[in-house]
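Following are the structures in question.
Common to both upcoming complexes is subunit A, partnered first by subunit B, then by subunit C.
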Partner chain A sequence: MATGSVKIDVHHITRVEGHGNIVVDVKNGQLKQCDLEIPETPRFFEAMLRGRPYMESSHITSRICGICAIGHATASLRATEKALGVEPSAQTVLLRKLNFHGEMLDSHILHAYMLVAPDLLGAPSVVPLAKAAPDVVLRALRMKKLAGDLCAAICGRHTHPIAMTVGGFTHFPSKADLEALRQRLIEARADVDATVELFQKLKIPAFERDTEYIALSKPDEYCFIDGVIKSTDGGSWPVEQYRQVTNETCVKHSSAKRTRHQRESYMVGALARVNVNFDLLHPKAKSAAGALGLKPKCVNPYMNTVAQVIEIAHCVEDSIQLCDVLLSRGVTWEEPVAPARLSGEGVGACDVPRGTLFHNYVIQDGLVSGANCIIPTGQNLNNIEADMRALVPAILDRRPEEITLSLEMLVRAYDPCISCSTHMLDVKFV
Partner chain B sequence: MSSSSESGLALLAAPTIVLALGNTQRGDDGAGPAVLERLAAAGVPSGVELIDGGLAGLETALHLQHRRRAIIVDAADFGATPGTWRRVQLDEVTLEPPAEAPGLHAAGLREALLLGEALGILPPDIILYLIQPGPLGWEAALSDEVRACLDPVAAAVATELRGGGPPSAHS
Partner chain C sequence: MAVRPKVAFFEFTSCEGCQLTVVDSLQTHPELLEAVEIVRFREAMSEKGDDYLIAFIEGSCTRPSDEPHLKAIRERAGVVVALGACAHLGGVNAIRNRQELSELRRYVYGDKAEWYETYPARPISAVIPVDATIPGCPIDREEFIRVVKAVLQGRAPQLPDYPVCVECKLKENVCLYLRGKTCLGPIALAGCDAICPTYGDSCEACRGLIPNPNIESLKNVLAEHGLSVEQTMAKMTMFLTYQTMESEAAAHGNGKR
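On to the complex of A and B.
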């Protein structure tokens, strides 16, 4: 380790969504400061909900994020439905799962191909990568378009969905829509295989730090919607007890709240889900995990992108199965299930691309009187900082530019969505 | 208006695409889709596909793949009075980068065209119909000035689609 001093100050980390800074200060070999600053302004979505009719919540909160709009809408609907005693139909549950896979695919492809692959392939961004490896970028665009078209068929459009409503849907895919989707998903298997082959060739940085991994879990399926909160440190909690898990606190250098559970920090997201729920992955996803060298419990945060590739394989296969089920039972036009009451409290939880998302609403006489949304990136911030504190001393012998790149790649591996959590990225070496 | 299925896209893609961009919920940003509606209502020659690209993202580049000609209709601020429109070749203009560093939320037509160029999938002929917008607030309505230019723009595009040659710019 170098005994000298290193100051790193990355102001606005690139290829993440939102604004975050990395500030590292090492004096005489001693780490004095190692912060992930979140300077973004809080967005006050919870306050916007207060006083609004319950049926508006999913439309307002889907605006929290343009990438996870369906995730927010789904968590929001589940919170409202639980508050008002609404039990969605079996068809609604199936359509929501298929819709959710579309968003998971879109987000993971964007992150793995557009944001991470340039680092691993030595390109500064996706446009130079397109010149160097057009087939890779075209594949990514092709897969992303399929994901977007899937969402559009189910909920009208991917960004800010319009057909998802309390108790069901206001639009239904036709048999021809589902048959066309199924065919394109089957054709996309070749692109999934090529994605696994690409990430097999890429060198993921070697860095390990054990932490607590948290994800939603169900006994009979790889869980993205509902379920219970489960930890690799042991234990499970009903989603209604999310505050016992998240334990939010404030820190001076971040406008996003921090969380901790059974250790100083925990991780949510694709790697956490694969670690918690590996056995329930589709066999093709397990096979991809084998090919990519990921065995649970994997404690290398850079492997989060690999876990996303594994989930891409899972979501494509599970989407084909869901299309088969929907086609065999037939999709019928259903009226949304009406609320059983107009006052109550509910917690909706979904494992969205970046991790576990909670929406908690109190509704009185049909109007939202209280709301709390806990976003995945906020839950990962303490864990990213803990990784930075472990990583920096181990790489102090490298040039400052290399240290900076390693830290930026670490933050990017978490696929942070800073705008959504500010309630994040520039690296400052001061 | 929907895009072609991905399978066999190269075979199915119409040689000419008219791609409208813009958010119909943001005032005059909806000018492009409104022109497209007029073209759809009047009918277009075979070999022409009309696509409402909505808010352009990087995937917009795929709409331009396997085409010979692309006509893009979009609201654009070129400092004229609202409702003024211009027909330009892509190589006649410079698309300015967004004021803020481009993030995922800011990827638009400029970024899609840069990506398409890097991928080598852009058609040889890209024509832009640019309409100067007025208000871009939260409203699903066009200003009188922009509404007045929709028929002339649609007529100019239709003439061009029928092989009538490029019209001159108007305001």
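On to the complex of A and C.
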């Protein structure tokens, strides 16, 4: 290790969603400070839900985040449905899964191609990359458009979904919509293969640090919606016991709260899901994992982007299967299932692109009286800082610009969604 | 084209979904990148420039330290465009303005409330002059392209001044009131192609109100359709809390005189 002193202050990390700063202070080879600051404005969504009709919750909370709007809406609807005794139909479950894949694809493609690939290809952003490698950028835009069109066919638009409601949907895709989507998804297989090839060629930084990985899990499918909370350190918990896992605390340098479970920190997101649920990936996704050299349990956080590429392969294949099921059973215009009661408490959980998301509502006489949202990026912040503290001493001999880039790439690998994570609260149900 | 105008994007309190919609608009309008030079777009690029002609600002002003940033952008930019409902109206951020600030902070951050700076959410026009607006939550990507074209040609962008009902009728949708639902379409500004009613959901007036809306009459209609005062107020304040509170304050002021 070098004995020098390094001061790094990256004000507003770029190519991430929201505002974050990296602050590193090394004096005479000793790490004095290594923080990921979150100066994003507090957002107060949980407080804003109080006193409002339960039907509005999913519309308000989708506005937490433009990138995972469908994820927030889905978790919100599940929380409300569990609180009010609503059991959605088999068709609703299928449509929600397909819709969710659309957002997963959109978000992963945005992150892997537009936010991470420029680093690995030595470009400052996707704009110069469009000139240097137009085929790569055009492929990304083509795949992203398919993902957005998939969401639009089911819920009107990706940001912010319209037709998703408590107990079902207010609009349904036609047979022609589904057939056209299915055809485009099949054509997209070539783009998925090309994506795997591209990331095979790119050099992912070597850095390993063992940690706890947490994701939702189901016995019979690669889980994104509902299921139980599962850890690579062993153990599983019903989603209603999420607070035993997340244990939120405040730190002064971040308006996003922090979490810890069985260790100092844990990780959620694509890498955590792949580590927890690898066996349930589609065979094509497993072979992509083989080609990309990811074996569970993988403890290199930079591989989160590779895990996203694996999930792109999974979601395209699973979307084709879901289209087949929906086409063979036919989509009917169903009225949303009415609530069995107007008071109750429920927890909705989804594994959104960046990890496990919890919404917990208390509803009284149809109005929300208490709300708590726990966001993936908030759960990852302690783990990112632990990675930074392990990484910095190992690379102190490099030039400050190189150290800065390594740290920025590390933070970016987690695909943080900062505006999402800055509105968590202490639970105090009225 | 000789010199491409320099464009910068900024975000304050928001979900960044409008900037995401800007990225999406490039899927169908890649020519945009040939017409302008983007010098700052933190969500998508690492390059940072401080020399720009047009500034697009997403998000509401929600804390004192936002104000000098907004004023600095205003000083540098020739044209400031409010991007989306948070910047234009205050949007969903302003819902919390009805709650007592210290209680609100305690509810979310407990005994650590004083660590985090905040005050009531405002549209950016409450802090700096704004030259043009792209309404909506989120913005409409086609309207974004139209407004950019107008600004580049030195014209004031033309936004519709009629209600969502006009567009909804043109779409030949069955009126939601006839389907046993309620809707803010009669008082809400059009321009979204009535996308929410088209997908079976009520208009929530995310683009703001038409000139001279008959709000009292709409409240009566909502009551006739079974909405309680609370439900009616919730509907009117999802995106329009800031405007509702302003007009209440004005009415209160008039009452005193």
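Just so it is clear, the second predicted complex is superposed on the first by the 422 of 430 C-alpha atoms of A that agree within 3 Å, B and C clash if a C-alpha of one lies under 4 Å from a C-alpha of the other, contacts with A are read in each partner's own complex, and residues count from 1 in each chain.
Quick note on the criterion: a contact is a pair of C-beta atoms (placed from the backbone, for glycine too) under 8 Å apart; a residue touches a chain by one contact, two chains touch by 3 or more.
Because the structure is predicted, anything quoted here is derived from the model rather than measured.
On the superposed subunit A, the positions of subunit B and subunit C overlap enough to count as a clash. After overlaying the two complexes on the shared chain, residue contacts for A:A338 are found with neither subunit B nor subunit C.
With both structures placed on the common chain, the touch criterion links A:M48 to subunit C but leaves subunit B unconnected. Looking at the shared chain after the overlay, A:A394 reaches neither subunit B nor subunit C.
With both structures placed on the common chain, the touch criterion links A:E187 to subunit B but leaves subunit C unconnected.
When the two structures are aligned on the shared chain, A:V325 is found in touch with neither subunit B nor subunit C. Subunit A has more of its residues touched by C than by the other of subunit B and subunit C. Residue contacts after overlaying the shared chain place A:A130 against subunit B and subunit C alike. Contacts of A:M114 after superposition on the shared chain: both subunit B and subunit C are touched.
On subunit A, the patch touched by subunit B and the patch touched by subunit C overlap at residues 12, 14, 17-18, 66-67, 110, 114, 126-127, 130, 141, 144-145, 148, 157, 159, 419.
Taken in their complex, subunit B has these residues touching subunit A: 3, 5-7, 54-55, 58-59, 61-62, 101, 103-105, 114-115, 118-121.
Residues of subunit C touching subunit A in their complex: 12-21, 23-24, 26-28, 30, 33, 38, 42-48, 62-63, 66, 91-93, 95-96, 99, 104-105, 107-110, 112, 115-118, 137-138, 195-196, 198-201, 204, 230-231, 234, 238. Residue ranges of subunit A in contact with subunit B, taken from their complex: 12, 14, 17-18, 66-67, 110, 114, 126-128, 130-131, 134, 137-138, 141-142, 144-146, 148-149, 157, 159, 180, 183-184, 187, 419. Remark: subunit A residues 12, 14-19, 41-44, 46-48, 50-53, 56, 59-60, 63-67, 69, 110, 114-115, 118, 124-127, 130, 141, 144-145, 148, 155-157, 159-160, 162-163, 165, 169-171, 250, 252, 255, 367, 419-420, 423-426, 428 touch subunit C in the complex.
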